[in-house]
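In what comes next, subunit A is part of two complexes: it sits with subunit B in the first one and with subunit C in the second one.
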Partner chain A sequence: MDYRFLPKKGLSLFVDGLLKDFKVYGPVKMDGFPVYEEVSSAKELLLMHSPSHITPKKYLFPQRETLLRFKTGEKPQVEHAADADNQVLFGIHPCDIHAIRLLDRVFAYGTPDVNYLRRREKTIIIGTECLPDKFCFCRSVNTMTAANDFDLFIHDIGAGFLVKIGTEKGKELLFRHVKTRKATIKEISKLVEFHKKKESMFTASINAEPSTLPLIYSGSYDSPVWEEIGKICYGCGSCNLVCPTCYCFDVRDDISLNMKDGERYRVWDGCLLEDFAKVAGGHNFRKTRGERLRHRFNRKFQFQVDKFGGLFCVGCGRCSRACLVNINIVEITNKLIEERETGKKE
Partner chain B sequence: MTKNMPKPKVAFFSFTCCEGCQLQVLSCEDELVDILNLIEIVNFREAIDEKRDDYDIAFIEGSVSRQHEIEEVKKIREKANVVVALGACSSTGGLNCLKNKFPMEEVKKVVYGEKSKYYKYFDTIPARPLDAVIPVDYYLHGCPITKSEFLNVLKALLTGKRPDMPNYPVCVDCKMTGNICVFEKGKTCMGPVTRAGCDAICVTYGAVCWGCRGTVDNPNTESHEETLRIYGLTADDLVRSFDLYGGWNKYGGSK
Partner chain C sequence: MESPYLLRQARIERITRLTEKERLFRLVFEDDKTLGHVPGQFIMLSIFGAGEAPISVSSPPDTRNEFEICVRVVGSLTNVLHTLLKGSTVGIRGPYGKGFPVKEIENKDILLIAGGIGLVPMRSLIKTILLKRGAYGRITLLYGVKSPEDILFKDELDEWSKVPDFDLRITVDKPHPLWKGHTGVVTRYLPELKIDAERTAAVIVGPPVMYKYVIMGLGEKRIAGHEIFLSLERRMKCGIGKCGHCQINSVYICQEGPVFRLSDIRRLREAI
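Then we have the complex of A and B:
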């Protein structure tokens, strides 16, 4: 992999250059918390922070998105809507880089999702390093670092930035806008050192190898854990909506008041919400909150693994961070591991 | 709808409330021309002089808080094919139900003045939502309602669809909007048990959710009481938080 060195001053030049051709989104501070917003200069960017509360997936899979526009009348017309701008997602943390890799697979699977894929095609991903907080556990699910799946990865090494080239597209953009030089071994080793430091910063960790988690979850269907946490869960769906790998949506039609045209759109949905698995006639396949929680946890550690071949939890800890009743994905997983090891279901 | 179909006749009625939800309807200024192409408004005190009783759809605003209002809403129900509760006072009883905590004689003294010898002649009964008196087909929640939800319900009725009514809490709207959770900022709100559909407008503009849209179908109120307690609310604060818009369920009696 190619590593370049970008002098300190180069960053704002680089961002200014990108802004000529792209909308640039990156982590900024809102009310003291990190969030992803559109930026207009490098100064606004928070390049070393804990995870944002809402994920950057919204730029690839928006909260509300028009799928098609239609016209009524004697000859109804339908036009597919896939609006996408060229965009740069700047400052994407390794967990979210992994999450985007997973979403790429999901939306290409079966009937490819044109809206997502078109947007993805027009997106440049620039990764950065981050600082874990008490909810982060990427170290436990092998997503603490990102080897690829980004166009560029920028790491602050004091005197300047170490830039890892991920794709030709990324390289071309870097070379077009700023002068860099080949990074020295010493400079490259600073990233390795940072990883070592980061590794020691985690307080949350899962007490089993990631590869064993599908098995642990498949054996936990009848665990009393689900009813316990089901009792305190609000069913508010916050865990779904802040999750970088949750991708469920609902599709609705809206006709204009002139009754002549309208649109079909999709909005984020979440399996923790009461009506998610409710069908015509009123039957609900997952009526209790406990069943819904079990379903979500299994989607991350078992069902999706069977289908796509990897864990669908990237360890960002956002679901635990967003949960008002402290349902913590690491604690629950460790409890299931313990139940399996001791054979006891308390 | 075909061109030659007669326009559905729509009426708006108002009972105990501030009439702010009707104002929301009137504030659909950009849409009013289109609306009037689709429906004929035959009764709407806040907007027109005309008053006719041949309506298909009745939007009823306000809670029922006097004996004679019971008779009036029953008459409306008999005439209308579809009844929609318009706004919090009508859909859940709203703020008005706060008075139900007190004896009605006390309430009259406070409102009409103890010194007035006439206060006792005013008619008042515990405030109640519309569906405590008559069957209601659809609900528009909120204090006040949102314009977009009103338009969606209207369009659904005109196209023969069941109007969408969110059965998920305000937390969803906050996450969709990208708000930082107010609990993260050390404040508290009623959002986790409150029915969404408002785009979390209060939180978005720096306030908190007071629960004006009533609760979702199955709120986890035990969990919410516990959460509020952990965030420092006293027993008294808790009662106030839940009662502000939830008075009917607590002090109203069965429907």
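Then we have the complex of A and C:
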């Protein structure tokens, strides 16, 4: 892989250059929290931080997205809506790079999702390193670093930035806007050193190999854990909302007051919400919060693994961070591991 | 690449009131292409402004550009549908999912068990079978409804009962004084059926609560799990395996179902 060195002052030149052709979104601080927002200069970027509260998936799979525009009447007219701008997602952490790789698979398999894929095609991903907080556990699910699935990856090494080239497209953009030089071995080794340091910073970890987790989850369907956490869960769906690999949605219509035109759109939905599996007759296939939690946890560690390969949890810890009653995905998983090891279900 | 959410427009050609809550709609596409479905598949029906819902096809495969759906007023979309008049246009996408194994069950006795509006997709299968009557053995249809007023397709049921080797039994939960037929749940009539388990395929379509008991009843008749087929109902928003609503464990009903072989899903938790 190709590594370049970008001098410190080159970053703002680079971002300014990108802004000519793209909308640029990056991590910034808002009300004290890290979030992804549109930026207008490199100064705003928060390039070394813990995960954002809401994931950058919102730029690929927006919370509300128009699918069709229609006109009603005797002969209704309908057209496909696919509004997508050229965009750069600047400062994407390794966990979110892995999450985007998973979403790419989900939306491309079977019947391709044109809206997502078109937006994805117009998106440049520039990764960056991060600092784990007490909820982060990417080290435990093999997503602490990203080897590919980005166009560029930028890491602050003090005197400047080490830039890893991921794609030709990324390289072309870098070369077009700023002067860089080939990075030295010493500079490249700073990223390795950082990974070592980062590895030692985690306080949360899963007590089993990631490859064993699908089996642990498949054997824990009847664990008392689900009912226990079901009792305290509010069923608010915050975990769904902040998860970088949750992609369930509802499809709805909006119609203008004159009833002449409108749009069909999709909006994020969450399997923790009470109505998620309820059919028109009123029957609810996952009535209790315990059942819904079990479904969500299993989607991350077992169900989607069967479908797409690879864990669907990238260890960002956002669900635990957002949970109002402190349901913690690492603690729950460790409890299931313990139950399996001791054969004991308390 | 074309959006999977785009629709084909179809005109309502005929509306038949079947009961207080259910109507049969004959739909004709604006273009001259057929729907191209097999019995047991479903479509996404849409009315702009009211939204979309999965609806099973009730007519047999047709070479013409038309088909039928039978819809119960139960949610927001179906309420709007019931206000539409002949000549109105609706949107259709699909057909989606896997249907009944029409070919595989040839040369077998067919035991059909339908509960309530489960008869709607079942009708597509029955009509398909009857078009090729000679290819199938004895047919038994056990049909359970709440009350005599809820019986769907009365005229057709009458016709079918006159077909050679077609045993029709209708049972109602809440009979009125004039009802002379069977009463109680469908499982009550399973023991008395003469079934050659070795050469029987069973098909079940009904409300979620029905499956467990019917499956137990069929077990007592010693019909093998791989000869039993059932159609599962779930909430669906996309029909193309993305939105997540119909997911049971790692199975998407809209992709791998709605028709399943019992032996494939007996161990699938939350399925039945």
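Convention: the second predicted complex is superposed on the first by the 346 of 346 C-alpha atoms of A that agree within 3 Å, B and C clash if a C-alpha of one lies under 4 Å from a C-alpha of the other, contacts with A are read in each partner's own complex, and residues count from 1 in each chain.
FYI, contacts are C-beta pairs under 8 Å (C-beta built on N, C-alpha and C of every residue); 3 or more make two chains touch, one makes a residue touch a chain.
No experiment lies behind these values; they were computed from the predicted model shown.
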| request: Check the residue A:Pro112 against both partner chains and state whether it touches subunit B (first), subunit C (second), both, or neither. | output: second
| task | Scan A:Lys190 for contacts with subunit B and subunit C and give back first, second, both or neither. | result | neither
| task | Pick one for A:Lys23: touches subunit B only (first), subunit C only (second), both, or neither. | result | neither
| task | Return first, second, both or neither, reflecting whether A:Val242 touches subunit B, subunit C, both chains, or no partner chain. | result | first
| task | Using the touch definition from the top, say if A:Lys122 reaches subunit B (first), subunit C (second), both or neither. | result | neither
| field | Touched partner set for A:Arg289, first subunit B, second subunit C, both or neither | value | first
| said: Quick check on the superposed pair: does A:Arg252 touch subunit B, subunit C, both, or neither? Answer first, second, both or neither. | reply: both
| request: Have a look and say if subunit B or subunit C is in touch with more residues of subunit A. | output: C
| Residues on subunit A in contact with subunit B in one complex and with subunit C in the other? | 252, 255, 259
| note | Within the complex, subunit A is touched by subunit C residues 1-7, 9, 46, 48-53, 74-75, 78, 89, 91, 207-209, 233-235, 237-238, 240-245, 247-250, 255, 269-270
| Any idea which subunit A residues touch subunit C in the complex? | 67-68, 70, 72, 74-76, 78, 80, 82, 106-107, 109-115, 117-118, 221, 247-253, 255, 259, 262, 264, 266, 269, 271, 276-281, 283, 285-286, 291, 295, 298-299, 302-307
| Residue numbers on subunit A that touch subunit B, as the complex places them | 30-31, 33, 35, 53-54, 58, 63-64, 231-238, 241-242, 252, 254-259, 267-268, 270, 273-275, 289, 322, 324-325
| Partner subunit A, residues of subunit B touching it in the complex | 1, 31, 34-35, 37-38, 151-152, 155, 158-159, 164, 167-169, 171-172, 175-176, 178, 180-181, 183-185, 192-193, 216-220, 223-224, 226-227
